[in-house]
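Shared between the two complexes below is chain A, which pairs with chain B and chain C, respectively.
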Partner chain A sequence: MIDEIRKIVAERLNETDDKGARLDGMVALRRTGPAVAPHVFVAGDDLSTLEINPRYPLMTVVSRLHKRLPDIRLGVVARGCDERAYVEMAKRNQIDPERLVILGFACTAEEALECYCAEPFPKNLVVGTPAAPGPQNPIVAKYDTMTLAERRAFWKQQFVKCIKCYGCRNICPECFCEACAMEDKAWVEPGFLAPPFPAFHLIRAMHMASRCIACRQCEHTCPAHIPLTVLYDLMRRDMEALLGYVPGADLAALPPLSVTLEQTPLLLGDAHDPATIPLAPIGR
Partner chain B sequence: MDYKNTLTTCIYCGCGCQMNIETLDGQIIGVWPSKTQEISQGKLCIKGWNVTSFSDHADRLTTPLIRKNGELVEASWDEALTLMAERLGAIKTESGPDSVAFLASAKCTNEENYLFNKLARAVFNTNNIDHCARL
Partner chain C sequence: MGVEFEPKIVAFMCNWCTYAGADNAGVARMESPSNVLPIRVMCSGRISPEMVMRAFRAGADGVLVMGCHIGDCHYSTGNHRSVKRMPLLRNLLATVGVNPERLELTWVSAAEAPRFVQVTHSFTDKIRSLGPLSQEVAE
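Then we have the complex of A and B:
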């Protein structure tokens, strides 16, 4: 699989479109010695160092470059979760779809299992065969059997471990507000651990409704091993059941929290036509 | 476009968490925890996540400062180190080694702190040495 991805990336970097333009770079992971980190490959680069593991939120890299370099045209080597992240970021003006080519590859069955991933492949599938969806997180099934008091006790036990590193927010491809409510002194008093229960984590959970695309970067980066994706899986389930919205599924679908009850966008300009809206300013 | 991730070690404490400092054309634009390192395994604390907040801060000292006539004036390293050696030497002669305390920094490397400890104990002959992480 990796050889095929490297080959296709090399081809795409050397291709010209009908206007004679090439991609300025391909966002992917690069191995340097024992370390792997996000990188932008350009034509002529040694692609034997291109990697697909470990997972990083590469759409955040795309967004940072799109915002700072208004003419840059990029490709990105993406998993299903990266593509879903793109969908929710593009409709919130974090990425310019006109300047991005997605080269999608399918995750393995093991990866789908490990991530409890419901859709372990992108729609722009170029390499690999879609694996079967992973199972539901067993903690979610267990949670469903708990009483309200037990659920509260469960979260209390988890959130008390929080060291307030803000890593869940920092790594999240969908967390890009300029001002963060989790840093607002009115909600979260500075200088205290653990953070206010349950407000601190529920502020983020509420802001993640209609945004969380289940990439699970937050849980992986949590130094306190809080099962954050249980919270977000539950939120995603409610969003789908109550409002019929699946984050990451459809670029044209307006997020229910960004429109009025009459479906009028609360965004400036026409949310369906990204050309009418400039990219959002550079956030945190 | 010069996009880079530079692998480095967090300077805030002795844990040795690794991170990539993300730069675009020489400007820092982000921090990515290193997921390929055994110590921190893709995790950072709040200090690590904000490790770049001082790197280009307006208040960051980039040269030594010497107080002259009540005002701090920029000086060269040679000038500052010479002055320190003279003054510390004079204080030691006048008031003894225990008249001075050495305060090390958790932001320095183990090796730098070792040398600092040597300077305090072996050169200056005092055990008055502590570090900022206890403040």
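Then we have the complex of A and C:
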């Protein structure tokens, strides 16, 4: 697969489109010695150093380049999750769709399994064959039967491990606010380790409600091994049930929390009487 | 033994409807529970999850978010934001094991002083029966 990707990248970098324009570069990972880092490959580069592992949120690199260089036209070697990240970023003016070509490849079945990934392939699939979706995270699958006390016990034991490194935020392709609520003293008091239960993590979770595209980067990055994607998977599920919104699925779909009820109505309950809006099931 | 638990309630009220409704309740000498700490905001759509979390962190046992009825928002669609956001936050509280009944969103207009009294009483009673949040979270 990697050879095919390298070959196609080389072709794309030398191609001119119908207006005679070329891509200015291709964003991908590059091996340098024992390490791998994001890199912009240009025509003529040695593509034998291009890599696809480990998984890395390359759309953050694309976003920075688009903002700094208003004319640059890029390609990017992308997985399914990278493409979903692109959708939510483009919607929020972090990436210019007109200046990006996505060269998608399918993840392996093992990767889909490891990530509990529901869609381990991009829509712009160029290389590879789609693997079957991974299973649901087993904790998420049994969550509805857990009582409030069981949930509390589970999360307290997880959140107490937090060393407040902000790694989950820093790696997240959808965390691009210039002022972060998690660094605002009004919302997250400094001087606590672990951060007070559960505000720190809930603030982030709420901010992810219409953005989390289930790339699992936060959980992979977390040095304390907090199963953050359980929290975000449940958030995503509630979001889909209440507002029918699946982040990353559709560039044209409006982010429901930023628009009116006429644009994206509630699918459950009656907005005129919020008491009628049902809660997700809770174990008794 | 001990003193009976009296809950602390933080009530975010929108300037244009609920706050006026609460004011009218006072002018009419209707009695509303002294457990309720009113915080006037310009719109229920201004209430971010961070504010609700901070209220809980600061010692509130329950948080009420009150605004104009749908269609009556002074800013046309500010309450559309809150009616999408708050149910998600309630679910999120439940996800981490905090009783979601501790957060409630409801609409009270300027003309609904009796409704303001009724809502604050019933919410306070509900939270009183749930007990202190500190006890729940410390378990």
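Worth pointing out:
Simple rule for what comes next: the second predicted complex is superposed on the first by the 262 of 284 C-alpha atoms of A that agree within 3 Å, B and C clash if a C-alpha of one lies under 4 Å from a C-alpha of the other, contacts with A are read in each partner's own complex, and residues count from 1 in each chain.
Operating definition for what follows: a contact is a pair of C-beta atoms (placed from the backbone, for glycine too) under 8 Å apart; a residue touches a chain by one contact, two chains touch by 3 or more.
Fair warning: this is a prediction, and the values are worked out from it, not measured in the lab.
Contacts of A:T32 after superposition: chain B is touched, whereas chain C is not reached.
Contacts of A:L242 after superposition: chain C is touched, whereas chain B is not reached. Of the two partner chains placed by the overlay, only chain B lies in contact with A:R64; chain C stays clear of it.
Applying the stated contact rule after C-alpha superposition, one finds that A:T49 touches neither chain B nor chain C. Contacts of A:H220 after superposition on the shared chain: chain B is touched, whereas chain C is not.
Touch criterion met: A:V40 reaches chain B, while chain C stays clear of it. By the touch criterion defined above, A:N124 reaches neither chain B nor chain C. Comparing chain B with chain C, more residues of chain A are touched by C. Residue overlap on chain A between its contacts with chain B in one complex and with chain C in the other: absent. In the complex of the two chains, the chain C residues touching chain A come out as 48-50, 53-54, 56-57, 69-70, 76-77, 80-81, 83-100, 104-107, 136-137, 139. Within the complex, the chain B residues that touch chain A are 1, 3, 5, 7, 18, 20, 22, 24, 29-37, 42-46, 48-49.
Chain A meets chain C in the complex at residues 143, 148-156, 181, 184, 186-187, 189, 196-199, 201-203, 205-207, 209, 231, 234-235, 238-239, 242-243, 256-261, 264, 266, 268-269, 271-275, 277, 279-280, 282. Against chain B, in their complex, chain A makes its touches with residues 24-25, 32, 34-40, 54-56, 60-61, 64-65, 68-69, 72, 163-167, 170-171, 220-223.
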